[in-house]
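Listed below are the structures to be examined.
Across the two complexes that follow, chain A remains constant while its partner is chain B and subsequently chain C.
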Partner chain A sequence: METLVLHKDKLKDFLKALGDVRLVAPVTVAGKTQFCEVADIDAVELDLNNYTATTKKVMFPQTETMFAFRSTPDGVKVEEGGPAPKTVVFGIRPCDARSFVTLDPLFTKDFNDPYYMKRRAATVLIGHACAEPTNRCFCPSVSGSPAGTEGLDVLLTDIDDGFHVQVVTDRGKEAISGAKSLLTKATEAHNKQKQAADKASAAKIKRSVNLKKMHEILPKAFGLPEWKETGSKCIGCGICTYNCPTCHCFDIQDEGTPYQGRRLRTWDACMFSEFTMHASGENPRHDRSERLRNRMLHKFSYYPRNLGFISCVGCGRCIELCPVNEDLIQILNTVREVCNE
Partner chain B sequence: MDATKSLRAIAREVLGREDIACLIGYEKGSYGFRAQPCVLTEPDQADRLIFSPLCVHNLTNYLTLEQIGPLSKADIGKGKIAVVVKGCDSRAITVLCAENGIKRENLYVIGVHSPGVVDLKKIERRFPNAVEPAEVSLEGDSFTITCEGETASVPRSELVNAKCLRCKNNVPQGCDVVVEGPEHSMEDDFADIAALEAKPLEERAHMWQEQFSSCIRCYACRNSCPLCYCSECILDKLRPQFVRRSVDFPENLLFHSARAFHLAGRCIECGECERVCPQDIPLMVLNRKLARDVKELFGYEAGADPEQKALFVTFKPDDPNEGIL
Partner chain C sequence: MSNNPYIPFEAEVKKVHQETEGARAIKTFTMQFKDKNVQKEFKQQPGQCAMIGIPGVGESMISICSSPTQKGSLQFSIMKMGKVTSAMHELEEGDTAMIRGPYGKAFPIDAWKGKKILCIGGGIGLAPLRPIINYVRDNRDDYAGLDIIYGARTPADLVFVDELKELQKKKTAKVHLTVDVESEGWKGNVGFVPQYLLDLKPAPKDTIAITCGPPIMIKFVLENLVKLKFKDDQIFTTLENRMKCGIGKCGKCNVGEVYVCKDGPVFSCAQYKLLLPDM
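Right after this comes the complex of A and B.
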């Protein structure tokens, strides 16, 4: 598809030219970078650094009303949520964009999840290639790349005077059509700069994990005593799952009174002890190490076997944010070593 | 380095003893500036231990969990648990024992005079993207930092955790054995809290509205806190459900109020809750506001005195204040 160039002074105009859409972009709220709905384009952080914030909530909000109910003299009235607003996510990282590709089969295979799918269909993803991969990044180990386009509609890459704009899909083309006058055709020189930028950022990735046959090795490692030692450091919080772009477990709850209320779904996490708690009080995953093992097996064995993707895009957030340095690279390397594979 | 050496010698001896089930300490982390907690059971594992300004965690948090290293619920209590503590961490043991959360006789407490721990966020901003395990030690008033083959010296005050700058006493209390080092004790005038209180109400309301709204309710602050150890937390309860699962400002406010108030007169200001928060919510401001109020109202500082009783189970017959009695 097309390759274009956007001068860096024109970035704000470019955002304005996206038209009447809900714009989600990195902004600073309460002192931290977050992906939020942007009311004021001037608030968008344009020195797009490599932030920790995830975009999962754009398709899969942490709290989502499935329907509201109310009892009236004419019976119970049920109101479902409306259609998803047309949305553009700007500045999303290639790993985060790819996470939606890995989530799609989960939300469509046995059942078309209307909540996820309506947002997915209404959302255009404009990515920003990573010029500065961090020490937590290992996307190439899971077939990603700091300049990957999988899942993206448009990809921006920093070049000398601004951005190289790669249009990936027709949806992307359509979404930026209002900005035509701001974009020029990329020349051979621009494309060369883009290639050099991609190469330079790929070379900055220092961490990696060998996942060859990992989906087969992990089940064999199920009974290893090493899990107890590695996993018992874990304090059973929701950091790794809630900040992971590919973790997707949820809970369904009713809130309100029998007369008026709503049914909602909220994120849940396999690292919480109540996640597997049975009504009887029995908990089949009693220890934290069993829960950590499950997280590893789910991502690197069950999910790839059932849905065809490793449920990890190598963003490394779980590694960076874990309070006790549970590091999946270290864990998987140990597993491979102990299994002699 | 010396603390590490002494610690290893102690650990080798302790892990050889019949009455010790395991030892909770620190070992080298997987990358950069990270150290990690570890649970050792054999004397020949002692050389894995380290102690340095990277040992940020409060390991007493593990003492009340249902699984400690390879020990599952059934094994806990069969032998003593040895644990490495800094000054602040040792005060958590004081509070836990005063509350009967743990029994002191089931512990073997190894204290270390900590030179102060780094603020991981600050040091990682200063030395970004370190992959090779880095080393940090205190020399004089500066941290010597070896990172990716280069050595730098940075004033301690620039990288140390804020709690260490107001540390009442870095000498751990009530230990079975102590690894000695420089001692320090600072006055805490709660100037940060006074400064915040001096701000207009609207400004503070706005600040907390923003902060609490950005909380993702991962409960890492609760789970990292040595003194949040109820086996059934009201936040998890479904019947009745005290705090709803929906994550929004009203419910988050309720959660944060519950967390902070349940720690009033108990929080020993180890700062773990704030350190682990992925959303950088300034939880220590809440904790310290309550700590200051408790100090002013009751002349009580949580964990300060090894003999002290838990605040909320004590009363004075000659209490000058109006009370429920």
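Right after this comes the complex of A and C.
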């Protein structure tokens, strides 16, 4: 696909040229970057600032109405929502874009999840390569990269005069077709700058974890006493799951009365005891250490075995945000060590 | 019909049968979809489950306790336990609930043709075995025998009692009942199901054993079947876990890498032994 260049003065025109779409882009809210629907293009700030929220909610909102119901003389009427609005997510990081690639098989295998899929189909992802990976990042360990294009339709990379624009998919090409006059063909010199930028950002990643055969090692480590030790400091707050771009567990709840109301889907977290508790009070994962173990095994063993992807994109948010310093990398390293693998 | 797997369909309560009394009462509901096409297309196999719900309250995964040989309706035996099951217990004939499904893997009942079928149940755990019992009853010539070992805490906690008596009377099945504690007026066996199984010593030859009940009962029944020289491929069980979606997405019902809602609820003993001890 083609490689183009966008001059930095032309960024706002470029955003305007995306046309009549719902634009989701990074803005600063209370000192932190959030990806929000933006009406005012001037508010878009491509440089991320204390960025810990994810873009997962674009496809999989924290709470969504599955359908409304109401009782009528002819019986219960169930009303589904309309189609998803055409959306462009601008400035999404390669790790976050890649999280959708890992989520796709879950939401399509055996049964299509119509809520996720309709948004996925209506959304174009225009990424922004990471020039400054944080000290929590480890995306290369899970086959990602600060300039990775997996899941993206277009990737922008900072170069001297503006942005190197890599068109990744036909969808991406179409999405930026209105901005043609703003883009010039990338020259050899531009491509070299892009390569240098990729190399420089990759070199800034300090953390890594060896995941070789981890999907086989973890089930063998199921009975280790170390889980108890690791899990004992976990306070079960669930922040690791709520800020994880690949966590997908959800709850379904009804709101209203039997006569009128709606069925909702909300994010849920495997770190809560109620997540698995039976109505009888029986709980297969009664202890926090059992729940932490399940989260690790789910991400690095069950998910890859069932769906072909490690359920982690190496963003390190769970490490940065954990109030008691649980560190996924340390946990996996311990497992490997104790299992002598 | 909608291609949205989360959309339920309205079904009318045709009959409510009170199986047991008390705080944890059990009722069997006979349900029929209001839309005849939905009823026709709902093709469940013994062992499968359905999400049964009441708008405004929620949904619960319940095993379908009627056999597919019973056409035109579905049955669910429901213990009053949580929010949804308590609301279900308020329903009367003519009321409606919402149903979606069927979900999960079924018992390979057609592969068992020519075999003796041994159902071992405890408490409400007889409900998932009832479609097998009734399927074999309705295709009795295809199966070499039908034995039922069933127990509950007291005689008042036994479910489907009239049906079991009928099967015994018509010599369709040999029914062996037991209760955990001595009870007034009870002349049958007293003792736990796993021990009663050992006492009865069913022969493993050409027999398929299927068990469901409280987890601890399942555990000991499986051990005792092995003592009786049953092989792993002759033993089946069915499990349950908290579920929300029913289609392998919400992440709640996994036992290791296996999702009870879609990879189960039916497991052969060989599959069961491979599960991580995540229960």
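Definition applied: the second predicted complex is superposed on the first by the 329 of 341 C-alpha atoms of A that agree within 3 Å, B and C clash if a C-alpha of one lies under 4 Å from a C-alpha of the other, contacts with A are read in each partner's own complex, and residues count from 1 in each chain.
We take it that a residue touches a chain if its C-beta (ideal position, glycine included) is under 8 Å from a C-beta of that chain, and two chains touch if they have at least 3 such contacts.
Every value quoted in this text rests on a predicted model; they were computed, and no experiment measured them.
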Partners on chain A (chain B, chain C) - clash or fit: fit
A:Asn112 touches, of chain B and chain C: first, second, both or neither? second
First, second, both or neither for A:Val29, with chain B first and chain C second: first
Which of chain B and chain C A:Lys180 touches, first, second, both or neither: neither
Partner chain in contact with A:Gly236 - chain B first, chain C second, else both or neither: first
First, second, both or neither for A:Arg207, with chain B first and chain C second: first
Contacts of A:Asp251 with chain B and chain C, given as first, second, both or neither: both
Chain B, chain C and vertex chain A (Cα centres) - angle in steps of 10°: 90
Shortest CA-CA distance between chain B and chain C [superposed frame, angstrom]: 6
Doubly contacted residues of chain A, that is, touched by chain B and again by chain C: 251, 253, 255
Of chain B, residues touching chain A in the complex: 29-32, 34-39, 57, 61-62, 65-70, 72-73, 128-131, 207, 210-211, 213-214, 216-220, 222-224, 236, 244-248, 272, 275-276, 278-281
Of all residues in chain A, those that touch chain B in their complex: 29-32, 34, 52, 62-63, 134-135, 204, 206-207, 225, 228-229, 232-233, 235-239, 242-243, 251, 253, 255, 264, 266-267, 269, 272, 274, 286-289, 319, 321, 323-327, 329-330
Chain A - residues contacting chain C, complex: 66-67, 69, 71, 75-76, 78, 80, 106-107, 109-114, 219, 222-223, 248-259, 261, 263, 268, 270, 275-280, 282, 284-285, 290, 294, 297-298, 301-302, 305-306
Of all residues in chain C, those that touch chain A in their complex: 2-8, 10, 34, 53-60, 81-83, 85, 96, 98, 215, 240-242, 244-245, 247-257, 262, 276-279
